[in-house]
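These notes are about the structure you will find just below.
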Amino acid sequence: MLLQDGDRIVFAGDSVTDMGSTKPVGEGVFDGLGKGYVRIVDSLLAAFYPERRIRVTNSGLDGNSSKELLTRFHRDVVSLDADWVAICIGINDVWRQFDVPAITSMHVAPTEYRANLEQMITAVKGKVKGVFLLSPYYVEPNRADPMRARMDEYVAICRELSQRHGCIFVNLQEMFEEYCEFRHSSSVAWDRVHPNQVGSTLIAKAFLEACEFEYHHIPV
Amino acid sequence: MLLQDGDRIVFAGDSVTDMGSTKPVGEGVFDGLGKGYVRIVDSLLAAFYPERRIRVTNSGLDGNSSKELLTRFHRDVVSLDADWVAICIGINDVWRQFDVPAITSMHVAPTEYRANLEQMITAVKGKVKGVFLLSPYYVEPNRADPMRARMDEYVAICRELSQRHGCIFVNLQEMFEEYCEFRHSSSVAWDRVHPNQVGSTLIAKAFLEACEFEYHHIPV
Amino acid sequence: MLLQDGDRIVFAGDSVTDMGSTKPVGEGVFDGLGKGYVRIVDSLLAAFYPERRIRVTNSGLDGNSSKELLTRFHRDVVSLDADWVAICIGINDVWRQFDVPAITSMHVAPTEYRANLEQMITAVKGKVKGVFLLSPYYVEPNRADPMRARMDEYVAICRELSQRHGCIFVNLQEMFEEYCEFRHSSSVAWDRVHPNQVGSTLIAKAFLEACEFEYHHIPV
Amino acid sequence: MLLQDGDRIVFAGDSVTDMGSTKPVGEGVFDGLGKGYVRIVDSLLAAFYPERRIRVTNSGLDGNSSKELLTRFHRDVVSLDADWVAICIGINDVWRQFDVPAITSMHVAPTEYRANLEQMITAVKGKVKGVFLLSPYYVEPNRADPMRARMDEYVAICRELSQRHGCIFVNLQEMFEEYCEFRHSSSVAWDRVHPNQVGSTLIAKAFLEACEFEYHHIPV
Amino acid sequence: MLLQDGDRIVFAGDSVTDMGSTKPVGEGVFDGLGKGYVRIVDSLLAAFYPERRIRVTNSGLDGNSSKELLTRFHRDVVSLDADWVAICIGINDVWRQFDVPAITSMHVAPTEYRANLEQMITAVKGKVKGVFLLSPYYVEPNRADPMRARMDEYVAICRELSQRHGCIFVNLQEMFEEYCEFRHSSSVAWDRVHPNQVGSTLIAKAFLEACEFEYHHIPV
Amino acid sequence: MLLQDGDRIVFAGDSVTDMGSTKPVGEGVFDGLGKGYVRIVDSLLAAFYPERRIRVTNSGLDGNSSKELLTRFHRDVVSLDADWVAICIGINDVWRQFDVPAITSMHVAPTEYRANLEQMITAVKGKVKGVFLLSPYYVEPNRADPMRARMDEYVAICRELSQRHGCIFVNLQEMFEEYCEFRHSSSVAWDRVHPNQVGSTLIAKAFLEACEFEYHHIPV
Amino acid sequence: MLLQDGDRIVFAGDSVTDMGSTKPVGEGVFDGLGKGYVRIVDSLLAAFYPERRIRVTNSGLDGNSSKELLTRFHRDVVSLDADWVAICIGINDVWRQFDVPAITSMHVAPTEYRANLEQMITAVKGKVKGVFLLSPYYVEPNRADPMRARMDEYVAICRELSQRHGCIFVNLQEMFEEYCEFRHSSSVAWDRVHPNQVGSTLIAKAFLEACEFEYHHIPV
Amino acid sequence: MLLQDGDRIVFAGDSVTDMGSTKPVGEGVFDGLGKGYVRIVDSLLAAFYPERRIRVTNSGLDGNSSKELLTRFHRDVVSLDADWVAICIGINDVWRQFDVPAITSMHVAPTEYRANLEQMITAVKGKVKGVFLLSPYYVEPNRADPMRARMDEYVAICRELSQRHGCIFVNLQEMFEEYCEFRHSSSVAWDRVHPNQVGSTLIAKAFLEACEFEYHHIPV
C-alpha cells in the first residue's frame, strides 16, 4: 500500500470532501474529519492497517470552486507539510453554470479550471511523495445531458494534468458511471452530486484502490 | 376562468404539494398553505381575481405514495366538500424503487398505482365541479434513464384515467421536459423532484393554464 | 420586455424588499433573494422567459430609511455594476413619525427624503439602462388618515423625481388603493406595510407591468 | 373600588387578553398572567391596593372567536367560581371576514355573535357580583373603513347586551378612537388589533376606570 | 407634571433598570425598553399624557456597580443630550459584599460609591433640566439584617448627594419598607432585589409621583 | 454510620430536593440525582464509604407542597421498598401564603400540613429501618419576619411528629440560622429558599451528621 | 457471500447497534440506520455487491440489556420476517454491575442472560436462514480487570449458545483484544464500550468476515 | 488548615479542572467555577469554614496539554496575584499519544512535560504561600496498560518536581488506584479520565487532605 507508517495525507476539495468537518481544516478523534469519504478512508486505514500511523486531514470546504480552493490552498494544504495530497475539485465550477446560469461571476470556465488546478499541483509537486487527483463528477450516466457533457470536459482536464505532472488519477466520473449499471443515481446521490453514505463509500473505495490498499493485509 | 367566486379547491399530494404546509390540511393567511405551488396559485388568484373569493386548501403530505394518500383521502379531501379537487401523486411510488431498491414494501407498482388513483377519482367524481390530475414527473429529459422511463408509465396511467373519468389532465412531465430545452434540470429541482421557487412557479403556471386563467383579466 | 438576456437588476429598499434575504446583498438558488416580491419577480422571469438569463439581486435591508439606504448605497448598489436599478424606499421615513413620535432622530422629513432619493438616482443615472422608482405606500385607503396623508407627500416626491430624471415610476400607493376596492387592507398586509404573499405578488405584478412583461410570451 | 378584598376576577377573551399567558388558564407570580392588559391590571391592583387580596385569572386564548370561547366557557370561566367575570371577545369574529374572506367557516355573523355572547353572560349572571363586557375594537378612526364599520355593529351588540343584562360596559372602540385624536393607531397597535405595551396599558386603564379604581387611594 | 412635550429622559442603572432592554442603550416600539419599571413609566406617560411626546431611554445594564456605570456613563448617558437623567445604582456595590464575600475586588465601599455617584451627577448637572436619584434598596424590612443595614448607608449617601446637588430624590428603600407593612417581600421580589411586575410597578409609581404625574390629567 | 451496605434510601421533597433530577424518580450515574444535596450526599457516601453499596434515589419534585407530595407518595416513595426514607417538605405550603396571598387554594395551613406529613410517616413507618424528617426552612435569621415566623410553626410540627413517631429530625432551619451568624443568607440562597452549591452542601452535611457519617472512616 | 439478493437482515442490540438510528426500528436512505456498524455494513454491501438488493434494518436501542431487548424482541425483530437476524447484546447486563453497583435491579446475572438470549434465538430459529451472535465485549485487554473478567463469562455463554443452536458466532471481544496489540483501547472507544468510527468499522469488518464477504467480488 | 481567611487560590488545569467553568477564568456565585472538583472544594470550604473568606478561582481549560497551559499561564494564573496555586496538568500530554497516535504534533513527550511544568512552578514560586501539584492520572489499575504505564512516567516527573521545588504533591494516580480496590473505574470515570461527581469528589477530598482540612472544625 502506498501510504506508509508516519505518512500524512491531506484531502482538499469542496462539500463532497468537507461533509461537516472542522473548518477550514479538520482531523482527530471526534467529528473533525466530517462524515464523508475522508472519514471512511481514515476508518478503513485504521481498521485494516493498525500498525501504520497514517495522519488524515480534511481540508474540504462547502461550496468551493477551484477558484476559491486556490485562494486558500497555501494556508490549508501546502503549509501542512503533508506526505500526500489529494485534490477533488471542479464540481461547483460546472454546477453554477447550470443552476444559476445568470450569475456568471460564479462560473469557472475550463481554461480557468485548468490554470487553477495546475497551480495547486505545482504548489505541492516535489514536496510530497505523491498527488492524487480525484476527478469531479456528475452522477448522470446520460452523456448527452448538458451538465454531464460539460463535466466530461473538466474530467478530461483532470486526466490530462495527471499525466503531465505524474499525479495518481482517480476517475470518479467513470466509477459512478459503472456503478449506475447496477443502481440508479438516486441511490447514491439524490442531487447527483452530494453522496449519501453509499456514495461516500464508493469514493473511499476508489481512492483506496488507487492506493493499492489490500483488504487481506495482515498487520504484524 | 374555471374557478368561480365562492369555489373551494383542495390540492392533494406529496411533498411537492405540501412544502411545509399545516399538517395534514392547511389554509389561511399565514404559512398554512406551505411554500410551494399551492401558495403561488393562491397568491396569483388573489392578485389577478380579487373580486372572486376562492378558497384554496393544501392537503399535501411529505413522503406520501398513492397508497398512503388513499388511506387518508376521505378525511383530508372528500370530507372537505370542495368544488374542485386537484391530485398530484405517484412520484414516491416510483422513486422508492430506485433509491431504496431493497425495501420493496415501499414500492408501488403500476397496477396498484392505477387502482389507488382510480379509487380517489371515483370518491369525488360527481360531487365536485371537476377533478384536476397533475401528473407525477421526474425532471430528467433523458427518456432512457430508468427512473424517467418508469415514471412515464405512471404518467401514462394518469393520462388514461383522466380520459376515462373526464378529469382535467395537467402533464407536468411534459411541461418540465419542454422547459429543459432552455434550462438545466438543476435550475428548477436539484434532485429532479423537489422544486425550488422557479420549479413551483412552473407547476402553478401549468395548473393555472389548465384553469384558463387570464393574466389580462380586469376585476370589476 | 425591458429586461434583456444577460441583464442584471438590483433591488434596493427596506424590509418590504428584504424579506429575509441574505444581508446585505443576496441572490442565488437558495433563500438569498428572500421571500418577498424580489423572489416572485425572479421566479416569474425564469418561468416565462427561460431563454433570457436575468440576474436578480436583493439589496433590501430591514428597517432602512432613505437616510440609511443612502449610507450603504455605493457598496450595496452602485458597485454591483447593474444594468437596472429599482429603488423602493421611504416607508420608514414616514412610519417612525407615527409609531415613535418622540424619537425624532428616527424621522426623515420630506426635504431630506427628496435629497436622499435624488442622490441615489444621480449615483446610478447614466451608468444603467434604467432606474425604477417604486413608491413607498401605506395600505390605508382613507386619505384623511394622518400617516396616509403624510405618505402621499413622499409618493409625490417620488413621482416628481421620476419625471425630472427619466425614471420608470411604479406607483404602489395607487396600486394598493385600487386593490382595496375589492379587498380589505388586512388581506394583503396586517400592519398595512409588510405584505403577505398576496401583497408581495401584487408588488411583483406592478413591477413587471412597468417592465412590459408579457405573460403570453413564447420562449424560442 | 368595586373589587373587594378576597375577590376573584376572571378575564375571558382572545389574543388581546391572552398575550402569552399559561394555557388555557393562567395566574400567579411568574408569567402565568401573560404580558398584556391582564397583568397590568394585576400589577396596578397590587401596587395601589396592597391591603386587598384580589385574585386575577387569565382565561384568554389566542385566535378565539366568540364561537370558540363559548365552547370552553364552562371549563375555563364558569367552573372557576369567580366573583367577577370580564369578557372581551369578537375581534376575530370580524377580522376573518376581511383577511380570509374566502374561508367563510371562520366568520361569525352578528346574529351568531349576539347569541354566543348572551349565552356566556347568562352562564355566569347571578353567580357573580358583576360582569364586565369589554367591547371588541379596531384601532381605525375612519368609520368608513369596511372592517371598522363592521366592528361597530359588534360593539353595538355588546352595548345592547350590557344594558339588557346589567353588565358593566367598557367601550374600548370609543376609548381608542379618542386616543387617536392625539396619536396614530400605529403607536398602540401596528396591525390595529394586537396592542403593544401602551395599547395594553390603555385597555387596563379603561377597565380600572370602570372599576372605580382610585389612584389616590391610601391603603390602611 | 415635570416632563414636558419634547423632553428626553435617560434612565441609568443596573439589572433593575435593564430588565432585558437593548444593550447598552435601548428605546422604541419593541422590547428596547426592557420589561421593568422603565417600560411601565413609558407606557403610563403615553397612556395618560398622549399629547406630550416624551422620549424614554433605557441605559441600564445587568450587573453594573457604580464603578462600572461610571466607566460607561459618558457614552451611554451624557452623550445622549437628555433633558432629564435618572440614576438608580448601588445595589451591586453592596450585594457582592454579602453573596461573594471573598471576592473583594467586586465590592464597592461607601467612600468609593459616593465618589462615583457624585462624578455622574456633576457630569450632567447644569446640562439637564433635572437629575433624579433613585436610591438603591434591599426589600428586607428588618433594619438589623446586615445587608439592609449596609444598604442604608448607601441610601443615606444618595440622599445627601441629592440635597447637595439639588437632585430629585426617590427613596425606593423607604417605599418598599412601607409596602412591606401590607405584603411580604417575596410578593414583589423573591431575592429581595429583582422586582417582579408588581415590584417594577411600585418603582414606576414612586418615580412618577416624584414627577408630579397626575392620574387625572386630561389631554387637550 | 447508620446506612449499611445494600441499603436503599429515598429522598422525597420539593424543588430543594429535586434540583433537576429525573422526574418523578431519579437515580444513577448521570444527572438522574439532580444537582442538589441528594447528589452531594450520594457522592460523599461513595467517596468515603466505597465498600458500602448504598442506593440513593431522588423523589423530589419542583413546586410540591405537602398536599401534592402526599398524592404521589405511594407511587414515588412507598412502592420503592426503601430501607430509609427522608422527607423534606413544607416550604411551598408556607411560601404561597406570602408570594401569592390571593391564591388561597395554593396555601396549606398548619393543620393540613401536620395531617399530610403524618400520613406520609405512617405510610412507611415499620416498613423501613428509619425515617428522616428534614425540616422546611426560610434562610431569614430575623424571627420577626412574617414568613420566617410562619415557617417556625411548620418546623415545630415537624419536630413534634418526629418525636411522636421516632423519626430522625434534622432541623435545617436551625442549621441555617447558625450559619447566618457567619455569612449572609444571600451567600447560600438568593431567594432564601433555593440553595446554591454551598447551601446544598450545608443540607447534605446536616443530613450526614444525622446519619453519624464519619469523615475519618477507613474502608476495608 | 452468505447474504443473497432479496435477503433481509435485522440487527438487534443496544447502543452499540443503535447509534442514533430511528426508534425502535430504522432503515432507509437517510439516518434511519444510525451512524454505527449497521450503516457501515449496509454501505459496504451496497458498494461491493450492487447487484444484490439486501435490506438492512436496525433494531438497536440505547441502554438495552438482554432483559429489555427480550421484551420487545417479538415486535422489533421476529415480526419483521427477516431472512437473517444478528444479535449483539449483554454489555449493559454487565456494565451496570460496575458503574452503579448499588442499583442491583439493573444488573442481569449470567443465568438470566443465558435464558434471555436463548429465548431470542429460539424465537427466530427455523424461521430464518441463519442467526448471527455478536458477542458483547469490553475493550480492555487486561483479563484481570473485574469487568473484563465478568464480560468473559457472558462471551462464553454466547459462544456456548451459538454452538448449541447452530448460530454464527462473531467474537467481538477476541477481535478487539487482537486489535489492542496494535493500538490502545482509547483509539477505538474512549469508554471501552461505545465505538468511534474506527471501532464501528472493526465490528462491521468482523461481521462481514463471518458473512464470507469478498472484497474482490466483481458484480455482474 | 493551610488556607487562611483572605487567601486566594487559583486552580490551573485541563478539562478535569474546567468542567464547564467560565472561560478562561471563572469564579463567583453562579456556574463560574464549573461543576467539577473546584466547585466541590469551594463548597466544602464555605460549609465547614464559614468564618474564613477564601477566594477560589478556576483557570482550567478543556483540552489543554502542558504546552497550551504554559502559553496562557501568565495571563490566567500568575497575573491573578494568588496566595496559592494548584496545577493539575499532563493528562492530554499522554492521552493524545494513544487515541490519535498519528497526530504527533499533539503529543507532549516527558522531557517537554517536565520543562513546561517546571516553568510554571518557577513562575509562581516565591510569589505565593505554596504550590500544589495534583498529578495527572489514568483510572486504570492495570500498570501494564500502555497508557497507564506512560502516565506513571509523568506522575513521577510531577513527584520529582514537587520535591525539588517544595511543592505540595497530591498523587491522584495513587488515590484512584487505591479507590479501585473497592469500586471499578467505570463508577468514577467512564473513559478513565473525565470524572463524574463521585470522581470529582474524590479529587476534592484528596486536595483537601493535603490542605489539612478538618471536617470537625468548629467555626468561631
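Read from first to last, the chains carry the letters A, B, C, D, E, F, G and H; within each, the first residue is number 1.
Operating definition for what follows: a residue touches a chain if its C-beta (ideal position, glycine included) is under 8 Å from a C-beta of that chain, and two chains touch if they have at least 3 such contacts.
Since this is a predicted model, take the numbers as computed values, not measurements.
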Partner chains shared by chain E and chain G (touch criterion as defined above): F, H
Shared interface numbering between chain G and chain B [over half = same, under half = different]: different
Whole-Å gap separating chain D and chain E, where each centre is the average of the chain's CA atoms: 33
Separation of mean Cα positions, chain H and chain A [Å, integer]: 44
Chain centre separation in whole Å, for chain E relative to chain B (CA means): 62
Where chain G touches two or more other chains at once, by residue number: 29, 99-101, 183, 187, 190
Pairs of chains satisfying the touch condition: A-B, A-C, A-G, A-H, B-C, B-D, B-G, C-D, C-E, D-E, D-F, E-F, E-H, F-G, F-H, G-H
Residues of chain B touching chain C in the complex: 29, 35, 39-40, 42-44, 46-48, 50-51, 179, 182-183, 187, 190, 196-198, 200-202, 205, 215-216, 219
Touching residues on chain F, where the partner in the complex is chain E: 95, 98-101, 141-142, 144-147, 183-184, 186-187, 190-192
Parts of chain A lying in touch with chain H, wherever the complex brings them together: 6, 8, 27-29, 53-56
Chain F residues touching chain D - in the complex, by the definition given at the top: 99-104
